[in-house]
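Quick heads-up: structures coming right below.
Okay, so chain A shows up in both of these, paired with chain B first and chain C after.
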Partner chain A sequence: MEQKSWKPWALLAPSLSAVFFLLVVPVCFIIVYSFWLRAPTGADIPAFQFGNYAKFFEDFFYPSILLRTIRVSLETVALCLIMGYIPAYFFYRTETRYKPALLILIMLPFWISFIIRTLSWINILGETGLINHVLMKIGILNEPLSLLYNEAAVLMGLIQYLLPFMILNIYVSLEGIDKSLLEAARNLGCTEWQAFKEVTLPLSLPGVSAGCLLVFVLTSGTYLPPMILGGPGNDMIANLIFKRVIGTLDWPFGSAISVLLLALLGVIVFTYNRYLGINQIFKSLQSGGE
Partner chain B sequence: MKISGWSLIRLYTILVYVFMFAPIAAVVLLSFNPEQFGSFPMKGFSFRWYIELAQNEAILAAFKNSLILGTLTAFFVTMIGVPAAMAFVRYEFPMKNTLNTLLLTPIMIPEVVLGVALLIFIRWLQQPKSFLLLLIGHVVITLPYVLLVVQARLVGIKREYEEAAMSLGANPFQTFKEITLPLLMPAILAGMLFSFTISFDDVTATLFWATAQNQTVPVKIFGMLRNSISPEINALGTVMIILTVTTPLLAGYLSRKFAKGRPDAQSVK
Partner chain C sequence: MAKEPIEQLDTLFDRYMDGKISRRNFIKYLGMAGVTAGIVGGPFGGFTRDALAAKSIRFDGWGGVVSKAFREYAFDPFAKETGIKVIDGEFGDMDTYLTRVKASFPPGGEYNLAHLSGVFDYARYIGLGFGVELDESKIPNLKNVMNAMITPYKKISDGKLSAVPYDLGQTGIAYNTKHISKSKAEKLGASLLWDKDLKDKLGSWGDWRTNIWYAALHTGQSPNDIKKMDDIWDALREQRDLIKKYWSSGAELMSLLANEEIYATVAWSGRVAALQDQGHPIGFLAPKNCYSWQECIFVIKGTNLDYAHKLLDFMLSPECSIAVAKGQKYPPSLDPTRIDMPEEVKKLPAFDPTGKLDGYLFADPEYWNSRQLKWSEKWDRVKAGA
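Entry: the complex of A and B
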C-alpha cells in the first residue's frame, strides 16, 4: 500500500486524541475519584482509601441492585433470543419480491427515538391504557389492573429497545451462510428440519452469541426503562449511579459504582473476546448503518 | 408439512413486529385525541395538541437546541471520523487492529459511565456544564458508528481512479478535490446522517450534561413525564418519529439517485 508511514497517523490523530482526552482520560478520572473521600460538607477530598467500595458491600442493599441488574440483563438476553431468532430466520429465508421493503423493518426501530419507544408502553400498560381499557370494556375487569411500575413492564421496554440488535446480529450471520451448503444437505437426503439443525443453526451461532453479548452489555448499563416503566424496587445499577451523582452529588461513591459496572462489563467482554472474538458485533452494526 | 412450518414462522414474525410497533402506533393514534388525558378511548380526531405544541416556547427552544446540536455533532464527528476511516481502509501501520478496536469501544461503555466520566473531568477543569460539553460528549458517542459506516463504504471505492488522475498529471490536491471527494460524498453523507439521528435521540448521557438552558427534545420529554403521559407528549413523540424515520429513508433515496451514473459509487453497498 502507501509507503509514507506518517500519513495514516496524521489521518488518525484527530480521532485518537478525541477518544484519548474525552474517553480514556475521563474514565481514569472515575477510577481516581472512586478512592476519594466525601467530606460532610459535600466537598471531595483527595485520598486513597477503599471506603466507597466497602460502603457498597456493607449490607445487602447495593449488591442486590447489582445482582438484579445481572438477572434482568440475562432475562432480557433470553427473551430477545426467543423472540428474535425466528424473525431473523424469516427475513433470511423469505423469497417474496418485497424483501427489500421487509428488511427496512429490521432497521426501522433503530430510527425511532428511544425515549418515545420506552414511554409508549405507558399507553398500553397504564391504568387508562389499552389493555385495561379493553378488559374493562368487555366486562372482565371492574377495576383497572396495575400493570406498570414492575419488572415485567421494565422487561417490555428493554425488549423493545434491544430486540432489534438481536435480530440484526442473527440476520447478518444467517445471510453470511453459503446457500449451496443447504442445497447440499437437502440433496444428501436431509429433511428441511435436519438441514436447519445440522447446517443453518450451527453456522448462525456466531451471530447469536454476538447478539447475546451486545444485548447483555446494553441492558446492564441501561437507565431509561427502569426509570420510566419500573417502580422503586426495579432500580438497576445505572439508576443508582444517576441518583448518587446527580441526586445526592456523592461523586466518589458514584464513581466507585461506575467502576464496579465497568469492571463487570470488562470481564465479560474480555472473556468473550478471548474465546469468540468481538469483531462479529462490529460487523453487524456496520451492516446496520447502511 | 413444509408449508405449515413456514406459515408458523411467518405468523410468529408478524406477532413479534406487532409487539414492537403496537405501542408506537398507540402514541401516534392518541396524539390526535382531543381529550385532556391522553388515553383510550379516542374521543374524536383533532390537531389540538399539535397546535398547542407549536405554541409551546420551551419545546420549540428544545427543538432548536436539538437541531443545532445534531448538526454540529454531525459536522465535527465526520470531520474527524472520515480521515480515521480512510487511514484504516487505505493504509497498513503497526497496531492497526488494536487502534480500530479502541476507537470502537465507546459503543460498549454504558452511557451512564460516560456521562459521569465527562462530568468529573470538566469539574476537575473547573468548567461549568455548557453547550460545548454536550457537543463534545455527542461527538464521542457517535464517533464509533460513523467509523463503522464510513469504513464499510470506503472499502468499495477503488484506488484506480485516483491513480489514473495522478498519471494524467493531476496533483494530489486536484486528485482529492476532483476524484476522491466526490467518490467519498455518499460515505460522508451517511456518516453525517447517522450521527445526526443518534445525537438527536440521545437521552441518558444528555441527562447528565444538559442544563436548564440547553435542553434537547428527549430531555424535555423526560422532564414532562410525570405519572401519566400527557397528549402533548404523544404529539411531540409523533413529530419526532416522523422526523427520525423519514430522514434516513429520504437520504437513502437521495444517495441512490446521487450515485446514479457512477457505477463505482453504486457498487458500494
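Entry: the complex of A and C
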C-alpha cells in the first residue's frame, strides 16, 4: 500500500511542477504586482493598496472596454456557432472515405502562424486587396470599399482563429451520439428535421456549450485581431493590458486589469463547470489531438 | 540571427508587402522562419543561445530597412574583422523594448546594446539604473561626432556617457502626392493631419508623444512648453474621428502608405525616403518645429565593455557610419564640418551641413518624461474614444 501511495504523485510530479511553476507562480506574481505602485520613470514600488483596482472603476472608460470585450466575445461565439455547427454536422453524417482528410483540413490553419493568418486579411480586405480589386475590375464598384480597420474586420479575424475550436467541440459531441437513435426516431415516424431537432440537437448541446465556452474565453484574452485589423475604437481588454504593461510600463495597473479579467473568466468557467461539466472540453481537445 | 519569432515573421511579411519576395518564396521563407523559431524557441533554444554566446554581443534595433543596413554595413564587417559576432534583435517601439529589458533577469542582463531614440529615452534608461560608464579613450572615433549631439547625453549622466550618438531623423508628415498637392501640404503644415477632406484617409503612430507634439503644432503651441492642455486633447479627439488607423510599426506605416489605405500620416523621415526609393508617390513635409530626434547606441549594464567599445568605435568610423546612413536613410551623427559627406547623405531628410543642429527642435527629456504617466494614460483614453 505504501508503495502505491507515492507512485501516482511521482507520475504526476512533472505535470504538477509545470502547472505550479508556469501557471500558479506567474499568477501569484501578477496578483502581488496588482497591489504595487508605479513610479513615473517606470520603476515599480512595492506596496499593498487597492488604488489600481479603484482606478479601473473610477469612471466608465475601463469598464466600457470590458463590456465591449464581452459583447465582441458573445458575437464571436454566436457567429462561430452558426458557422461551425453545419460543417461539424456534415463530418458526423458523411460516409465519405475522405473524412479523416476533411478533419485534417480543419486543423490545417493551426499549421500557419496566427499572426500571418491575421495579417493576410489585409491582402483580402484592403483597399487594394482581393475583394476590392475584383469588384472594381468587374465594374460593380468605382471606389474601393473600406473593409478594414473596423469591428467587422476584427470579428472576421477572430472567427478565422476560433472557428476550428467550435467545429471540433461540436463534432466530438456529435460523434458520441449513437446513430441507431436516429434510425429509431425515423422508424417511429419522425421526419429528418424532427429527428435532428428532437435527438441530434439536444444530445450535441454539451459540445455546443463547450465550444461556446472555449471560444468565449479565447476571444476575451486575445489582442492581435483588434490590434492588426481594428480601428481606433475597437480595442479590447487584452489590448488595454498590453498597452498598460508594454506601452506605459505600468505593470501594477496592467496586473490589476489582468486579475479582474481572470476573475471574470473564472466565474464563467466555474458556472459552466457547475452546471455542464468541464470534461466535455477535455474530450474535445483530446479528440482534436488524436 | 536571434530575432524573436514574431519579429522574424513581421520582417518576412514586411518584405512580402514591399514586393521584394515572390508569393512562392514567401511561403518557403515562412516555413524556414517556423523551423528557426522552433529551434531557437524550443527545447533546444538554450543550447542554441549558449552556442551563440561565445564571443558575441547582442544588439537590438528598429528592424526593417534600418536593421538590414546595420547588419550589412556594420555587424557583418565587424564580425569579419574582430571575430566578435553581433546577434541582432528587433523592436517595434521604445516602450515595448524597455519592457523587455525591464523583464529580463537580472533586469537588463539579457541585453547589451540598443538603438534608442531620443534623449528622453536615454534619460529613462539612466533613471532606471541600466546605464554604464563608457571609456571615451577606447572609442577614438567619438571625436568625429557632433558636439551638439553629445552634450545632451552628458548632461543627463553627470558628464559621462552610457551611449554614443549615432544618427538623427525627424517625424514629419508623409503624404500621397497623387491625392494631396505639395502646395496644399505646405500651406496646411501640421494641420494637414486635421483636414476634414481626408477623413478616413489619415493615419498616425499610436505613440502618445508624437500625437501630443503634432497637436501642439496644430493648436499653435510650443511642444516643449504646452500651456493649454485641454486644447491638445480637444484637437486629438477631433483628429481621432478622421483617423483610419493608428499604426504600430515601421512596417505597418510603409504598408498603409504603399497600399494607399491612407493618404497622409506622421512618418519617420527614413521610412519615407525608403518608400520614395521604391518609387511610391510619397512626399515628406517637415513643418515648422517638426519633431526631431537623435538616436544613440546605448550600452546596457552588464555588457562586456571591451566588446562594446570595439563595436561602437567600428560603427562610428566614417566608412561604416556613412554606409549605414545611406542604407537606413538617416543622416549620421558625424560632424559634416569635420568629415566629408557624400551627396547621397547630404540629400537625406534632417541632414544639417552646419553640424550645430540650430533650429532643430528635440523633445525636452525632463519635460516629457515627467508627464509620461499622466499623458500616456490620457492619450489611450482619447484614442479609444473617451
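Observations
Everything below uses one rule, namely that the second predicted complex is superposed on the first by the 286 of 290 C-alpha atoms of A that agree within 3 Å, B and C clash if a C-alpha of one lies under 4 Å from a C-alpha of the other, contacts with A are read in each partner's own complex, and residues count from 1 in each chain.
Assume contacts are C-beta pairs under 8 Å (C-beta built on N, C-alpha and C of every residue); 3 or more make two chains touch, one makes a residue touch a chain.
On a predicted model such as this, the values are computed, not experimentally measured, just so you know.
Residue contacts after overlaying the shared chain place A:T128 against chain B and chain C alike. Once the two complexes are overlaid on the shared chain, A:L119 sits against chain B and chain C alike.
By the document's definition of touching, neither partner reaches A:E143: not chain B, not chain C.
Once the two structures are superposed, chain B and chain C can be ranked by residues of chain A touched, with B on top.
By the touch criterion defined above, A:E95 lies against neither chain B nor chain C after alignment on the C-alpha atoms of chain A. By the touch criterion stated above, A:L11 is placed in contact with chain B alone, chain C being left untouched.
Applying the stated contact rule after C-alpha superposition, one finds that A:L261 touches chain B and leaves chain C untouched.
Residues 112-113, 115-116, 119, 122, 126, 128, 245-246 of chain A contact both chain B in one complex and chain C in the other.
Chain C meets chain A in the complex at residues 6, 9-10, 13, 30, 34, 95-96, 98-99, 102, 124, 127-128, 200, 206, 240, 243-246, 248, 255, 259-261, 369-370, 372-373, 376-377, 380-381, 383-386.
Put simply, chain A touches chain C in their complex at residues 38, 40-43, 61, 65, 112-113, 115-116, 119, 122, 126-128, 146, 148-149, 227, 231-233, 235, 240, 243, 245-250.
Note for the complex: chain A touches chain B at residues 1-2, 5, 7-12, 14-16, 18-19, 22-23, 25-27, 29-30, 33, 83-84, 86-87, 89-91, 93, 104-105, 107-109, 111-117, 119-124, 126, 128-130, 133, 159-160, 163-164, 192-193, 217, 220-224, 228, 238, 241-242, 245-246, 251, 254-255, 258, 261-262, 265, 269, 278, 282, 285-287, 289-290. Listing the residues of chain B that touch chain A in their complex gives 2, 5-6, 9-10, 12-13, 16-17, 19-20, 22-24, 26-27, 30, 37-41, 79-81, 83-84, 86-87, 90-93, 99, 101-114, 116-121, 123-124, 136-137, 139-140, 143, 145, 147-149, 151-153, 190, 194, 197, 200-201, 203-204, 207-208, 218, 221-222, 225, 228-229, 233-234, 237, 240-241, 244-245, 247-249, 269.
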